[in-house]
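Mind looking over this structure? Questions follow.
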Amino acid sequence: MLQVTDLACMRGDRLLFHGVTLNLEPGQMLRLAGPNGIGKTSMLRILCALVHPEHGEIRWHGKNILKEREAFHADVLYLGHAASLSELLTPLENLELMARIACHRQSDDKACEQALDRIGLGERLDLPCKVLSAGQRRRVGLARLFLAADKPVWILDEPFSALDVRAVADLAETLDEHCDRGGLVIYTTHQEVAFRTPVTTLDLAEYAA
Amino acid sequence: MSTSESRFNLYHYAAPQAFYPVAGKLAPIFAVIAAALTLAGLWIGFFKAPTDAVQGEVYRIIFIHVPAAWMSMFVFLVMAFWSAVGLAMNTRLSALMAQALAPTGAMFCFVALWTGALWGRPTWGAYWVWDARLTSQLLLLFLYLGYMALVAAVDDPRRRDKAGAILCLVGAVNVPIIYFSVKWWNTLHQGASVSLTKAPSMASIMLSGMLVMALAAWAYTIAVALYRVRVLILERERHADWVRGELTRLGEAN
Amino acid sequence: MNAFAAILRRDMLLAWRSRADLLISLAFFVIVGCLFPFGVGAEPNQLRAIGPGVLWVAALLSCLLSLHRLFAQDYQDGTLEQMLLSPDPTVLWILAKVLAHWLTTAVPLLLITPLMALMFDLEGGAIQVLTASLAIGTPILSLIGAVGAALTLGLRGGGALLALLVLPLFVPVLIFGAGSVDAYLSGTGASAHMLLLGGGVLGSLALSPVACAAALRISTE
Amino acid sequence: MKARHKRLTLILGGLLLLIGATALVLSAFRENLVFFHTPTEVAEGKAPTGRTFRIGGMVETGSIRREGVEVHFAVTDTARSIPVVYSGPLPDLFKEGKGAVVQGKLGTDGVFAASEVLAKHDENYMPPEAQHAIDQAQQAAKTVQQ
Amino acid sequence: MNAFAAILRRDMLLAWRSRADLLISLAFFVIVGCLFPFGVGAEPNQLRAIGPGVLWVAALLSCLLSLHRLFAQDYQDGTLEQMLLSPDPTVLWILAKVLAHWLTTAVPLLLITPLMALMFDLEGGAIQVLTASLAIGTPILSLIGAVGAALTLGLRGGGALLALLVLPLFVPVLIFGAGSVDAYLSGTGASAHMLLLGGGVLGSLALSPVACAAALRISTE
Amino acid sequence: MLQVTDLACMRGDRLLFHGVTLNLEPGQMLRLAGPNGIGKTSMLRILCALVHPEHGEIRWHGKNILKEREAFHADVLYLGHAASLSELLTPLENLELMARIACHRQSDDKACEQALDRIGLGERLDLPCKVLSAGQRRRVGLARLFLAADKPVWILDEPFSALDVRAVADLAETLDEHCDRGGLVIYTTHQEVAFRTPVTTLDLAEYAA
């Protein structure tokens, strides 16, 4: 489904990793591992076509993602380090905007409210995101997961950071469900989190230059 | 780490709550005084006071222009006073007082500018000149507008109070400049007719009309500020029990 | 069109959220306009001569001040990344952002321009020409400015030098915009200037979103 | 203690600055900052040549003379007086013996070509009868002096 | 003094790292200045008359444009918080920031002012007075502006709100600054204006850091 | 040493917690716990006098910290959520600046370089912080700990987030050492981290309004 061939990534004049070859199938869960600064975030951004790789290519259903960018983006959900929130908008408004931009199947008020409720922000709907706590901001972004069941590929950069223990368990369950329904999850984290789905780990340190 | 029983009382600053009913009682009184004085002042100004030897009838703008100009400066000083009190003593009510006064001050400032311009045309021959008095008064209006814009732009109440207070204190330097501008520079605007240091250079009946109007402006300012501060108190403390009670009472009254 | 509508709506909402904001940028325009009489002195003839130029400069500045915010916020909080990941064409939502920018900053200025022009003692016909030139000229500023804003995102050195090139691009707009009033007053008629400005709008409408999209992709890489 | 020391120095520094500021501002006011120049200053050559500026003073009694659209009059500060020529509408309060501020250029012939004339009145307000009484009193005083 | 020196050094370093920003505000000054001969028509007498005013307005605006950057970046990345936690007196490092702002934005303008003044056909003495008035006047702008920047930190529409707040306080500076050249040309001499501006510098030096410190504490709360 | 009496915190018009009374002694380690948004960050900011509490007071050596702010700040090191880095400066420049501002005893080039070396950023000295990875940015901030042995109070907001496993263990060891030499550490985290020093936990949920 998602084929990565001989991928290499360079930042500045430093080669971060090279020779990464992968073949990811539906229902799989891939964890990118490795110490700080090894290139996990860089790799995720390459995987969703935000950054050009130094070498190698990525094919989605056989098509190069850089060439068929818009078609690929219709199938991908990416949550980066940053929360992607407009400080002055409420969680609901932010979520709706994101859902619309990403063309999620469900993006109406109702669905968004439910998603926020499930992520545990039900009562904070009318505050601007600026005043939310670190964990609450993270949750607003994560609420998109409940609207994006139709996007097969989820790419998540440290989704567990700033979350409290309850929320970590809930999120793990959500990711498991996505794999159950045939989705593909690629994520990074430095925490140990337990999943039902078997996790493939790619240790980038092995590919470091 | 004791989970000691907290003596914490959320709305322990009783001042706004205590002041609310007092303001409610005082405001109508001042409103009535203001109305009465205005009527008296206008009557003196337009029927009793004689024509001016130089300017003829047009000088009667004085009965609006001067009280408004005085008030516009004075209100800013009062706002600065409340701001200083608020910053120094951390009392909530003082910032609310400053905020309640601002629109009235801006209104008077605008009126002073407007009537001054209208008056300038027949007397000086120009609506507007860029002399020191007029320029500094225009800046006062901008300061009022800036203050109101700043207060409106800040969401957090505590930050709103303090930010407004600082602007107020900084802006207050303009007021003495307005007042003394006619002394310090050659201006087209006339010098002071009334001052503490010399006898008024004005026929006494004219003077009394002007003073009555000035008192009316005072009473009006106090009344409006009290009404407005009541609204601000309700808004600020909307989660306190007593406000809920008050709101239901107001709701039933309607 | 999903992203276009959503982003237009969001940007308008952000502007609406702080209703005072429109008033503030208006006040800025007014105050900058008032500054020149302070600095230059207030002789009526002189005021009349510099009026159109001053108002054009004031409009340009107020546009410039807000342009800075066009992408910066979205870039910093990561929203821009998400927009670039949208399945909808990039140029579309860039247009949405530029349109929202123009609607919220330029249009209020247009409404108050006649009043300001009166302050500079301009006469009726000149005021109409001035307002028209602003109405046609400001979209060019927003469009060109967007490219500059995209280029200056996060880049420094070479990229920011390119941004310097954008400021000079504003100058022709200013010259023709302010010049249109002079042309009208001198009796030659302003239509040539207006046509030029109109051409500018169409040209920049065609080119700037594309350039902007490319610039954004580079800036976020 | 050290922190308190620092704070004290800062407060002292601030006070010194403020004193300096007041001193500068006060000495500035001893020089002149003006909306208009007086005829004496103009006569002493303190006013600009070849540029627009304002002169202020009294309209000299008996100096107003109309020639077609042009009005000729003189502005005086009792010591000196400057002849002025102007064409255009005059404010209602423009009268002989009253204050005026005129804006324009000083010609090489010593005549001030005005582009704008403003009336300046003083801070006295009184009914006509009182004014009349005062005028008479002054007249009487003058006669007595003579 | 630890914090003062460190922050002054850092801000200068940052300015150097992002030289393009400096160039932009310099370019802004030049462009606003150059615009007027275009917009107003190049009649030497008129140019000479409006020259000092235009250059002062341009300097004021270019200062205003850079003011919002004074604390914004530090606020967003949390450095400001750390500065407020310094055991050194707050007013000291605020002075360092203001000084750095003045050195990086106003001083380049001062250096280029004589050139610009030549464009407006001003003569030697007037150029000197103009440059001197700018040299004494711009620190006031930076000092007062810092208070405005601190007050509007993190507020939406910050740039425009900042302009609205500080412009009334800037206007007297502008009047005396531009007025000094007139006074010089008119033969009365510019010393009174200079003394006033000097008084303004000392006064704002004493008061503005205190107000600024208070405003920063509120804004980061 | 650090006495907290009947502390209450209000944000917007919401009372977050109230009635917190504490007495912290040298060598103690205090963990603030509680779910997302309960007010941990807010409490830390109150503890270092960045925010006025709604009620209650905090005394350091018997003196109210809001009154004797500068003296208190000479004894405190606070690392917040945000990294406090200037994007355009290198780690070394950033660290030096912070050390100078905070008047750390050691703030010269040499000491800063050593600190960065110990935190594992030895080879990244000449890059602007903008291009660093999330974990590396965090480390630049944490490097201050090695310069601040003389500051008795360390207040750390989620110091472990974004760090890799090795770095987490190292950091824990550093905090332990600080307690050993009689320092006081107050921190929050959602991860489970093992310390040698016994950790006092304050669950803010118990004081929630």
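To keep things simple, chains are lettered A, B, C, D, E and F as they appear, and every chain counts its residues starting from 1.
Operating definition for what follows: a residue touches a chain if its C-beta (ideal position, glycine included) is under 8 Å from a C-beta of that chain, and two chains touch if they have at least 3 such contacts.
Here the structure is a predicted model, which means the values were calculated and not measured.
A.B. asks: Which chain's mean C-alpha position is the greatest distance from chain A's?
C.D. replies: With centres defined by C-alpha atoms, farthest from chain A sits D.
A.B. asks: Comparing E-F against B-F, which pair counts more contacting C-beta pairs?
C.D. replies: E-F
A.B. asks: Roughly how many whole angstrom separate the Cα centroids of chain A and chain B?
C.D. replies: Going by mean C-alpha positions, chain A sits 56 Å from chain B.
A.B. asks: Please work out the Cα centroid separation of chain A and chain C, and write it as a whole number of Å.
C.D. replies: Taking the average C-alpha coordinate of chain A and of chain C, the gap between them is 37 Å.
A.B. asks: So, what's the distance in Å between the C-alpha centres of chain F and chain A?
C.D. replies: For chain A versus chain F, the centre distance works out to 30 Å.
A.B. asks: Could you please state the distance in Å, as a whole number, between where the Cα atoms of chain B are centred and where those of chain E are centred?
C.D. replies: 32
A.B. asks: Pull out every residue in chain C that's touching 2 or more other chains.
C.D. replies: In chain C, residues 14, 17-18, 20-21, 24, 27, 31, 38, 41, 76, 156 touch at least two other chains, as defined above.
A.B. asks: Which residues does chain A have that touch at least 2 chains other than itself?
C.D. replies: 81, 88
A.B. asks: Give the residues of chain B that touch two or more other chains, as numbers and ranges in rising order.
C.D. replies: Chain B, residues with two or more chain partners: 129, 135, 142, 145, 149, 153, 155-156, 158.
A.B. asks: Considering only the defined contacts, which chain B positions touch chain C in the complex?
C.D. replies: Result: residues 128-130, 135, 138, 142, 145, 149, 152-153 of chain B touch chain C.
A.B. asks: Which residues of chain E touch chain D in their complex?
C.D. replies: Touch list, chain E to chain D: 49, 87, 89, 91-92, 179, 183, 185-189, 191-193, 195-196, 198-203, 205-207, 210.
A.B. asks: In the complex formed with chain B, which residues of chain F make contact?
C.D. replies: So the residues of chain F touching chain B come out as 6, 8, 10, 12-13, 15, 18-19, 21-22, 52, 54-56, 200, 202, 206-207.
A.B. asks: Hey, which residues of chain B end up touching chain F in the complex?
C.D. replies: Answer in residue numbers: 1-8, 10, 12, 155-156, 158, 238-239.
A.B. asks: Under the touch definition given earlier, write down the residues of chain F that touch chain A in their complex.
C.D. replies: Checking each residue of chain F against chain A gives 11-12, 34-41, 81, 120, 124, 127, 131-136, 138-139, 158, 161-168, 190-191.
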